[in-house]
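As written, the chain order gives the labels A, B, C, D, E and F, with residue 1 at the start of each chain.
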Amino acid sequence: MKTLTIILADGPYISEYAHIAFKIADAALKRYHVNIFLYLDAVHIPRLGQSPAFFADEGELFKELAERGAAIRACSRCAAARGYSANEDGSSRDYHDGIKITSLYDLPEMIQGSDGVITLCR
Amino acid sequence: MRSVFYLLDTAPYGSEKAFGLLDAAAVSLGRMEVTVGLYGDGAYLALGDQDSRALAIPNLADILRAYGEIRVLAHEPSVVDRGLFSEGLVETAELVDEEAFLVAMESSDCLILL
Amino acid sequence: MRVNREQVMMMDVFLLTKPPQSERSEICLKLLARSERSRLYLAGDGVYHLLSQPGTIPPSCEVLASKEDVAARGVVPRRGAEVREDFYERLVEDVMEGDGRFFTF
Amino acid sequence: MRSVFYLLDTAPYGSEKAFGLLDAAAVSLGRMEVTVGLYGDGAYLALGDQDSRALAIPNLADILRAYGEIRVLAHEPSVVDRGLFSEGLVETAELVDEEAFLVAMESSDCLILL
Amino acid sequence: MKTLTIILADGPYISEYAHIAFKIADAALKRYHVNIFLYLDAVHIPRLGQSPAFFADEGELFKELAERGAAIRACSRCAAARGYSANEDGSSRDYHDGIKITSLYDLPEMIQGSDGVITLCR
Amino acid sequence: MRVNREQVMMMDVFLLTKPPQSERSEICLKLLARSERSRLYLAGDGVYHLLSQPGTIPPSCEVLASKEDVAARGVVPRRGAEVREDFYERLVEDVMEGDGRFFTF
């Protein structure tokens, strides 16, 4: 199966890129494997307990992508800086299930093994 | 993907993007051919005499120097527009004209902008 | 969805989400002008390019735009474009199955 | 501070800034004289036929219309540069030339950009 | 005592504005009352448990400003969207002490009562 | 710190943290050009304005720059400027005690 990697760098709501990434991943998961790497402010996306008044809850949407098989990984340096701590297996009590905090070395690994790479940020 | 072009178009220090982009480029070495392209305000990264100790942030020019295997292309029109042409620039940065810059973007397997 | 391989071959694909006056749009349009065969996907603020002067986007370039983004922004396309509901399915297909180059801006 | 000028220079929908700026302008009414200035990509906010139902986000043109007490100035050169001059614009937006736009900024007690 | 209000809209680390605001507030608190309104992504600034590798912990710095008397308030809509919930008194279990989640109506109130207003964002 | 009231009166104060090619810098410079008496504080990426062509900032404008930001960015000022360690103290003083206008970009 071919692989698509999406790289994000913005948090949810402030820009629409988390949501555009969701729409791309949603379409891609029907036929392809999908990786999503959360870099810089994008580590805020999988946070539990988001309650936006006017937008869809991006955390829930990304959880759904993970349930459907997307490999979603957040940069450990960026996550730690912003207050998200990782358990030994990379999961986080602040994150939705299935989304892991991981090393930046996963980024080139994802890129190298991909047939398509899309970076979205402001 | 066997080659990646990281395009930096924001100034260093003012945002985390320059640091994040260099970090991503550094960890990509060994796996892929890595080019960092400095375009627009990204050209400021090439200024040679950065001293960020008072900000307590890593010196980004020194990161460029430390990873000599990264091919660093500075877009000449961006450098000239910003009055940087006569400044001392980081030795590892290669000044290239627009044609060469675009060709390098086109010939990489993958383009990443932060 | 069936893919016509001939049609997809050597087609350069661009995804643009930035408005016309941005520097990233400018780089995107420079690369687009150099491509022999291209398809441009406009999403988000990229749909404002549909208001541009004729000629900004090469006439030979096929343009697709995201329907909900065009509607939200109140853009009436001044240039021929397919405003599609299945925009992201088409984009993913092109990114994954095309063998031209792909760029996102 | 008795008057505030909110300057919007980013396009609506692509970021939360337009919505956030209108929300801040709306809650400032009654307390202060409120001007919203649309400059650069902020000019896109004036497009009249916005329909954001499919994005499930509030219609920002309708917010402008709902708060008629907000003085909305659209910077004419920005409007013209973006090909919006011949489009239907929101009725409450007042097209002003650069001089009038800068005078309005100068004569407010306080300038806020998001 | 005169009052300075600082309005922020970026999260920590991704831009330097949280840190510039700290330096301004630090200087201002010697002679003036300081308000800081956290809008949009700036509601991430007072989060507990930040652990940046290369920068100062902005959460700790803002806590220090609050201890020195700065009134630091975060927009409730923006905070709820991003997963920060408020207790009845406006405090949050996710935030450093002294920083409160409050209504956007506090923003014009702060502006109106100020002698200087500085907005910092990308 | 003692303040010379005469000197502070009717001085327009600008804080600029954006680099020269940005649109916000452009608006700031337009307002600066219209001011009869001005003081420009450059912090963050604003210090890159010290590399600008002479004339971009009005010659009569007093320019102050944040020392740590100038050093970090490796900027050698091409224009007369006070590069100060007490930059923020001075800025706050001017914002709070001046009775000209104040703008941040």
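Basically, a contact is a pair of C-beta atoms (placed from the backbone, for glycine too) under 8 Å apart; a residue touches a chain by one contact, two chains touch by 3 or more.
Treat the numbers as computed from the prediction; the structure is a model and nothing was measured.
Chemist: Following contacts chain by chain, what is the lowest number of steps it takes to reach chain E starting at chain B?
Modeler: Minimum number of steps from chain B to chain E: 1.
Chemist: Which chains are in contact with both chain A and chain B?
Modeler: Touching chain A as well as chain B, we find C, E.
Chemist: Tell me which of A-D and D-E has more C-beta pairs in contact.
Modeler: By number of C-beta pairs in contact, D-E is the larger.
Chemist: In terms of residue numbering, is the interface formed by chain A and chain E classified as same (over half shared) or different (under half shared)?
Modeler: same
Chemist: Which integer distance in Å separates the CA centroid of chain C from that of chain D?
Modeler: Computed from C-alpha means, the inter-chain centre distance equals 28 Å.
Chemist: Could you give the separation in Å between the centres of chain A and chain C, each centre being the mean of its C-alpha atoms?
Modeler: Taking the average C-alpha coordinate of chain A and of chain C, the gap between them is 24 Å.
Chemist: Could you list which residues of chain E touch at least two other chains?
Modeler: 13-14, 16, 40, 55, 77-78, 117, 119
Chemist: Which positions in chain D touch two or more other chains at once?
Modeler: 13-14, 16-17, 40, 57, 111, 113
Chemist: Give me the residues of chain C that touch two or more other chains.
Modeler: 17, 44, 104
Chemist: So which chains actually touch one another? I want all the pairs, not just one.
Modeler: A-B, A-C, A-D, A-E, B-C, B-E, B-F, C-D, D-E, D-F, E-F
Chemist: Going by the contact rule set out above, which residues of chain C touch chain D in the complex?
Modeler: Interface residues on the chain C side: 17, 19-22, 44-45, 48, 51-53, 67-69, 71-76, 78.
Chemist: Mind listing the chain B positions that touch chain C in their complex?
Modeler: Spelled out, the residues of chain B in touch with chain C are 7, 9, 39-40, 98, 102, 105-106, 111, 113.
Chemist: Would you tell me which residues of chain E are touching chain D in their complex?
Modeler: Residues 7, 9, 39-40, 77-78, 104-105, 107-109, 111-114, 117, 119, 121 of chain E touch chain D in their complex.
Chemist: Provide the residue numbers of chain E that touch chain A in the complex, in ascending order.
Modeler: It is residues 11-14, 40-41, 44, 47-53, 55, 59, 77-78, 80-83, 85 of chain E that touch chain A.
Chemist: Enumerate the contact residues on chain E facing chain F in the complex.
Modeler: 2, 4, 16-17, 20, 23-24, 26-28, 30-32, 115-120
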